[in-house]
Each structure stands twice: as structure tokens, then as C-alpha cells.
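In what comes next, subunit A is part of two complexes: it sits with subunit B in the first one and with subunit C in the second one.
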Partner chain A sequence: RMSSDGKPTKFQPPPKPVIIDKQKLGVERRFLSPEFIPPRGRTDPLKFYIERKDMIQRRKVFNIPEFYVGHILAVTTADPHANDKTNRFVGICIQRGGKGLGATFVLRNVIEDQGVEVCYELYNPRIQAIEVLKLEKRLDDNLTYLRDALPEYSTFDVNMKPVSHLEHEEIPVNKLQVRMKPKPWSKRWERPKYNIKGIKFELPAKKMKEAQKWSQPWLEFDMLREYDTSKLEEKIWKEVSEELKK
Partner chain B sequence: QGLLRRAVSHSVLSFASITGARRAIQKLTRVRVVDNSTLGNTPYHRPPRCIHVYNKTGVGKVGDKILLAIKGEKKKALIVGHKMPGPSMTPRFDSNNVVLIEDNGNPVGTRIKTPIPYILRQREGEFSKVLAIARNFV
Partner chain C sequence: MMPIWTKSGKKHAVTLLKVQDCHVLKYISKEESGGKTSKLLVGGKNVSPFFKSESAMEIFKEAGVPRKQKVTTFNVTDDAIIKPGTPLYAAHFRPGQFVDVTAKTIGKGFQGVMKRWGFKGQPASHGQTKTHRRPGAISTNKAGKVYRGKKMPGKMGNVYRTSFGLKVWRINTKHDIIYVNGSVPGHTNCLVKVKDSKLSTYKDCNKNPPFPTFFADGDEKLPENLYDEEIFQFTDPSVRYA
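Here is the complex of A and B:
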């Protein structure tokens, strides 16, 4: 090729395509475990600070993975009465409760047609390993209605292989609508106070309308019940992530 | 009449969800016999009920002996799981499970399919024969 003044120009190779690999970019998903956020009250924040220090120390020694309600977990605990001193339980996380060091999560599974639930404490030193077998969020925060659902929705294979999940991808939401056993249920799940979206109510429309009688639409506008945790979360997230990196 | 409508034959598992109560086992609780004994599994028009708990308090937890009324007979039984939440790390079952036992501690049935909590292993001396016929542990 000849440029405008007649001299041969140096070959300019085409620009290399830039591949943005999200994994290498390290776009981290910020997940602060809900037990770090202190409950609303008049307790001295020093107590929560000391508890957080203990929680971080435990997390440095033992890895507690990020998990939500609806994930399928396998927990191995040390049990003096078991055969090889370890006890492995696989189940779906129904609820996460408690704050601070007493944070608990309940796993549910149906073994040999018998529904079993175990409440584990996250920071109990008897726990030897927590593996997340399947990452899957559900439509609700609290899956306690699975007790009144058909047992097929709570059965999970004990020897299930962990389903692989890439770091940077978002956690998929399973929009499964669960079918229930015939009434009576342990709680009246159709009532609006439970605000459940994950049940396929096969009740007559009259019952659903009657359940709305107990709705309290003014609750969401009640200013005294507001507890804005965003600033607290930012502070605690910074503190926790710094300590964990050390 | 409500009880008649909901009362399924007790050999089917679903009778355990008749009441939503989450209590331990005491007098007059309906229990579910978990082993494969004939006495526990033949259908009868009344579910097996607890009539006495061999305990200082009248409340039976896992590992306590109780007296059952089954098919018009009295039989001792061992509690292997209840609906009430216990200490953390212990399993909570969806039905009040019980294993039929003789006066000397020998189990009546020959196999227990449903899972049994590991806590019972602590009292290996009293329950060794029951633990020997158990298949799954939780």
C-alpha cells in the first residue's frame, strides 16, 4: 500500500479483540450473612462488635459458604454416638434464624417416608463441613410450609452430587409453586400475613377471599416499624471483609 | 365428626398430620408404630394411644418408655422421635414415632425402616437390641 506521499507505510495489524472475562474481573457478589446485622434495640453496640469479632475468628478457621433459604446443603457434624464419629445430613434450608453467634438454620429432608428436620447452629464447633449441593433461591424467605406440602417437594437424594455454579453468576430463583396436602395445615398459609408466593393454592375462590379479611394493608406504611439497615450493612460489610482478608 | 372425616386408617402415614400440635408424648397422644410387628401394623378402628409415661414428669421425650393401648391390649413402647423441637443438632420428626417393646426390653418387631436419632446410642446398654434392628440413623 502506498500512502499519500508515495512511501510504503508500515503494516498496522488490526486491533486485538478485548475479551472481558467476568471471572477474572472479580466482580464479587456482596453477600453479608444475615446474622451479622444486629437486631433493632437498645443494646450496646459493643456487645455486637465483640460477637462479630468472635464470628470472624470462627469463619477464618472454618469456611461457612454463602447460602440462602432454598439451597440444598450437606452438613457433617462430629457425633460421639455415630459409627465413624461423623454424621452427615442432606436437606433443603427452610429457614435461617437467630443473630450473632446463635445463628441457626433448619434443614429438612424426607427419609424413608419420614420427614426429618434438623436445626443446626452456624457457629457450633461440632460442625465439621457445610457443602452447598445446589444453589437455588425460592420465592419465599421462609419455607416452613413444606411441612404441609406433598412429601415429594421435600425429598432430596442423600448421595446427590454437588451441582456446579460459577462464582460471578447470579443465584437462580426457582419459581416453583408447591402443591399442598389437604387441609388442615399447621398454619393457615393462605392468610396474607405469611405472604407466601410459592404455594399453588387449590382452594375455592371464596376461601381465598375470606382469608384476605385478615390482611393488614396499613402495616407496610407504619413508620415506627421501619428498620433501615443499609448504612449499618455498609459499615459491617467493610469491617467484616477487611478482617477476613487478613 | 371432624375426627371421623380426618381419621384415615392408622396404617397409612397421613394420620400424623391430624393435629398441628408440636408437643412431646404424654397421656392420650396418638403415636405411630414404626417397626414391622403385626400388632403395630394391622389396621384397627382406633389409633394406638399412649396411656402412661414412665417418667417423673408425664412428658415423654426420645428414649423414654411409655405404655400404649393398641387393639385393646396394653403394650410397652420406646419413643424414637417426636414432633417437638429438641436440643439443637438433634432431628425433629414429622410424626411421633414409637417402637413396640417387651417388659425386658426386647423389641417385638424385627426391622425398623424409619430413621432413628443417634442420641439413643448413648444408652447402648438398655436399647442395644432395638438399635440392632434399626436400619437408618439420623
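Here is the complex of A and C:
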């Protein structure tokens, strides 16, 4: 190639592609388990501090992975009445409740056409292992409506292999719209108080409009209900991460 | 209240009681008090010294101690007398002891007979005229009077009650906290009196307690947390069955 002034130009290699490796950047995803955040009340903060110390102590010995509602978990507990003294249950996490040491999570699965829900305590010493088989968030915080959905949405293979997930990536949100069994349901999920986005309502438009009669639009402006936990969370996150690194 | 697990995997609910600035205030001898044993006055939480008359503050001045919110008496044998002004700590109790806890119950105000005494009331329908939560009959015809102590509506709660025979599971010496089995009368952050149990089954349960009490400036250095033998401590690995 000849340039404009006639001399042969030096070969310019193409610019190298810049790969931003998030792992090396160290952009950490902060996750504080919801049971660390103390509820609003008149209890002494000293009680929450002592409970947190116990929880951190347990987490140092036994690994409790980060998980949300919608993940598929396998839990092995010690069972005195089983043959090899262990009991393994696989299921989708429907809800996480409780604060402090009494925090619980409910796993649901359909085994041989029978829906089974088991409520496990996170800090129970009988739990021997918690494995996250599939990481996937759902559109709602509370998947209790799966009880009224078609059973295919709650069935998970008991011998499922764990799906790999890179540490620094975002947890994928599954925007699945679940189809329901015919009414009557255990709760009227179409009402706005449950605020469910993960159901494909096949009800007539008249029923949906009637359900909106129970909407309480003033609730979001109610200042007494506001509980701003951001500063508390910062403090607790610092405390917990420092202790766990030791 | 918190959950606690034993080594066999059983869960128990536990109440946390904090020993906040307890001091011995006064010693009253047997003859002075007129009872069977001598008494020791003990005071609880510190509060402001203002808004109280001089006569009430005398006891605190003599002991050299800030004013306390609550003052209680303990019947004490002669070999357990403590000098007024000594602070009392949670390490006075040891895990494995049994304890009675007294406190004022939550006040519910003026309550009807169904909530206060657990009466069944009347049916909601089938012709009842204005009678659904009333006591019904209060006495018989033959008696011709209403007996004293008849259960009727009135002020409920805000009364001293005791729960007996509560086991002490754990003691935190750094923050002076006693973990006591089960529930305790009173609301959160209320003042509570903790005594050794008077039940006959637990008479011999106190093996070598600190007698007369645990002195902080003594020679013993206790670990931060004292646990009962059966408690599952979180430093151990998960429970397994053989």
C-alpha cells in the first residue's frame, strides 16, 4: 500500500479488543441475607447484636449460600429414623420468613403426584448441607401461588444436576407467567394486595376489574408504614462481612 | 426470645434477661424485719435522681449508689449476707440452675369475662337477644347471694405473676445476660425479679453456685459465654445421628 506521499506506510496492527473481566475488577455483588435486618419494634439493639454474633458463628462453620425465592435447593438434614441417617429434599424456595436465628425457608416439590412443602430453619444444627441447584429469581417475593398452579410448575427432578453459575454475573430473573388450575384457589391471587406479577390470569376482564375494587392506592403514601433499612443494612453488612473474612 | 438447640437436635425457646446495674442497697436483720430470715434490699435499673423526695433518696445515698427504678427484697440466710453497695452480676447464676421469674404482667385494662376468665359466652345467632359475651348466671337460687371472689369483668393484667422452674441455659458475662427457658411474664424491656427456684424437685440442682455472689474484682476470670452441657454451641459442626 502506498500512502499519499508515496512512501510505503508502516503496518499498523488493528487495535486490540479490551476485555473487561468483572472477576478481576472485583465489583462485588452485595447480598445481605434478609434475616440479618432487625424488624421494627421496641427491642433493645443489643439483642440483635448478640443474635447476629451467633448467626455469624454458625455461618463460619457451615456455609449458607446466597439464595432468593425461586431458587431450586437441595437440603440434607440428619434424620434419626432414616436408614443412612440423612434425608435429602429438593425443591423450589417459595418463601423466606423469620428474622434472626429463627429464620426459615419453605421448599416445594411434587413427588409422585403429591405436592410436598417442607419448612427448614436456616440455623438448625441438624441441617448438614444446603446446595443451590439452579439460580433463578422470579418476578415475585412470595411464590405461594404455586399451590394453585398446575403441578407441572412445581415438579423438579430429585436427581437434578447443579446448573453452573459464574460468581460475578447477575442472577437471572425468570419472567415465567404461570398458568393456574381452575378457581377456587386458596387465596384470591388476582386481588391487588398480593401484587403478583408471575401469573397469567385467564379470567374475564370483568373479574379482573372487580378485583381492583379492593385496591388501596393510599398505602404507598402512608408515611407511618415506611421502614427505611438502608443505613441499618450498610452497618450490618460491614459488620458481617468483616467477621466472616476473619 | 430466641431459639436454642440441644445436642440431640431439639429446639427450645429461650428468653433473654439482662442484669442492668443491680446493686445491694440495704441489709435488714431478722429482728428488725420481724420475719423468719434476714432480708436484703436489691435495686435494679439506674434512673434520674430528680423528681423524688429526700426521704426516698436516703437509702440510695447510704449505699452510695445512683437511684434505681425498682427495689425488691430477698429473704436471705445469715451466711449469704452481702455488704450494701456491692454490684450484682449475671454470673451469680450458672447454666443448669433452675430459677423463678417474677414480673408485672402486660396490662390489658378493663376486660370482659370471656377474655379475663375464659368463659364461653353465648352463641352468635339462633335468637340470642343482645347476649353474646355476657357471664350469664352468677349464682344459684338457694345461695341467695353472690359469693366473694366471683369471676366478673374488671381490670386485667398489670399484676405480679411468677413463672416457676425455668432452666438457665446460657450466661453471657460480658453483657450480663441470662438465657432462661420458656416465656416470662411482662412486656419487652420490663423489670423482672429472678430468684432461685422454690420447687422441691429442683432443690438439689444448684451444684457449687458462686456463694454469696459473684464478685467481679475477685480472682476468677470467667469466659465470655457459659453454656449448659446439653446446648449445641455454634462452634461445633452440624449434629449427626450415629
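One rule holds in what follows: the second predicted complex is superposed on the first by the 226 of 246 C-alpha atoms of A that agree within 3 Å, B and C clash if a C-alpha of one lies under 4 Å from a C-alpha of the other, contacts with A are read in each partner's own complex, and residues count from 1 in each chain.
Definition applied: contacts are C-beta pairs under 8 Å (C-beta built on N, C-alpha and C of every residue); 3 or more make two chains touch, one makes a residue touch a chain.
Computed from a predicted model, the values in this text were never measured in an experiment.
Asker: Could you tell me whether subunit B and subunit C fit or clash when both sit on subunit A in the superposition?
Answerer: Verdict on subunit A: subunit B and subunit C fit.
Asker: Who does A:54 touch here: subunit B (first), subunit C (second), both, or neither?
Answerer: Touch partner of A:54: subunit C, not subunit B.
Asker: Contacts for A:100 in the overlay, against subunit B (first) and subunit C (second): which applies, first, second, both or neither?
Answerer: second
Asker: In the overlay, answer first, second, both or neither for which of subunit B and subunit C A:125 touches.
Answerer: After superposing on A, A:125 lies in contact with subunit C but is clear of subunit B.
Asker: Between subunit B (first) and subunit C (second), which does A:117 come into contact with in this model arrangement: first, second, both, or neither?
Answerer: The first partner, subunit B, only.
Asker: Quick check for you: in the superposed arrangement, does A:79 touch first (subunit B), second (subunit C), both or neither?
Answerer: The answer is both, since A:79 touches subunit B and subunit C.
Asker: Which of the two partners, first being subunit B and second being subunit C, lies in contact with A:230: first, second, both, or neither?
Answerer: Neither: A:230 stays clear of subunit B and subunit C.
Asker: Would you check which partner chain A:63 touches, where first means subunit B only, second means subunit C only, and both and neither mean what they say?
Answerer: neither
Asker: Go through the superposed model and pick first if A:44 touches only subunit B, second if only subunit C, both, or neither.
Answerer: A:44: touches subunit C, not subunit B.
Asker: In whole Å, what is the nearest CA distance you get between subunit B and subunit C after the fit?
Answerer: When the complexes share the chain A frame, the smallest subunit B-subunit C C-alpha distance is 10 Å.
Asker: Pick out the shared contact residues on subunit A: the ones touching subunit B in one complex and subunit C in the other.
Answerer: 79, 121, 124, 126
Asker: Which residues of subunit B touch subunit A once you look at their complex with the stated criterion?
Answerer: Those residues of subunit B that touch subunit A are 6, 13-14, 17-18, 20, 81, 85, 88-95, 97, 113-115, 118-122, 136-138.
Asker: Show which residues of subunit C lie in contact with subunit A when the two form their complex.
Answerer: Interface residues on the subunit C side: 2-3, 5, 9, 11, 16, 18, 172, 175, 177, 188-189, 232, 234-242.
Asker: So in the complex, which bits of subunit A are touching subunit B?
Answerer: Subunit A reaches subunit B through residues 77, 79, 81-82, 87, 89, 104, 111-121, 124, 126, 147-148, 181, 184-187.
Asker: Mind listing the subunit A positions that touch subunit C in their complex?
Answerer: Contact set of subunit A toward subunit C: 41-44, 46-47, 50-51, 54, 57-58, 61-62, 78-80, 85, 100-102, 121, 123-128.
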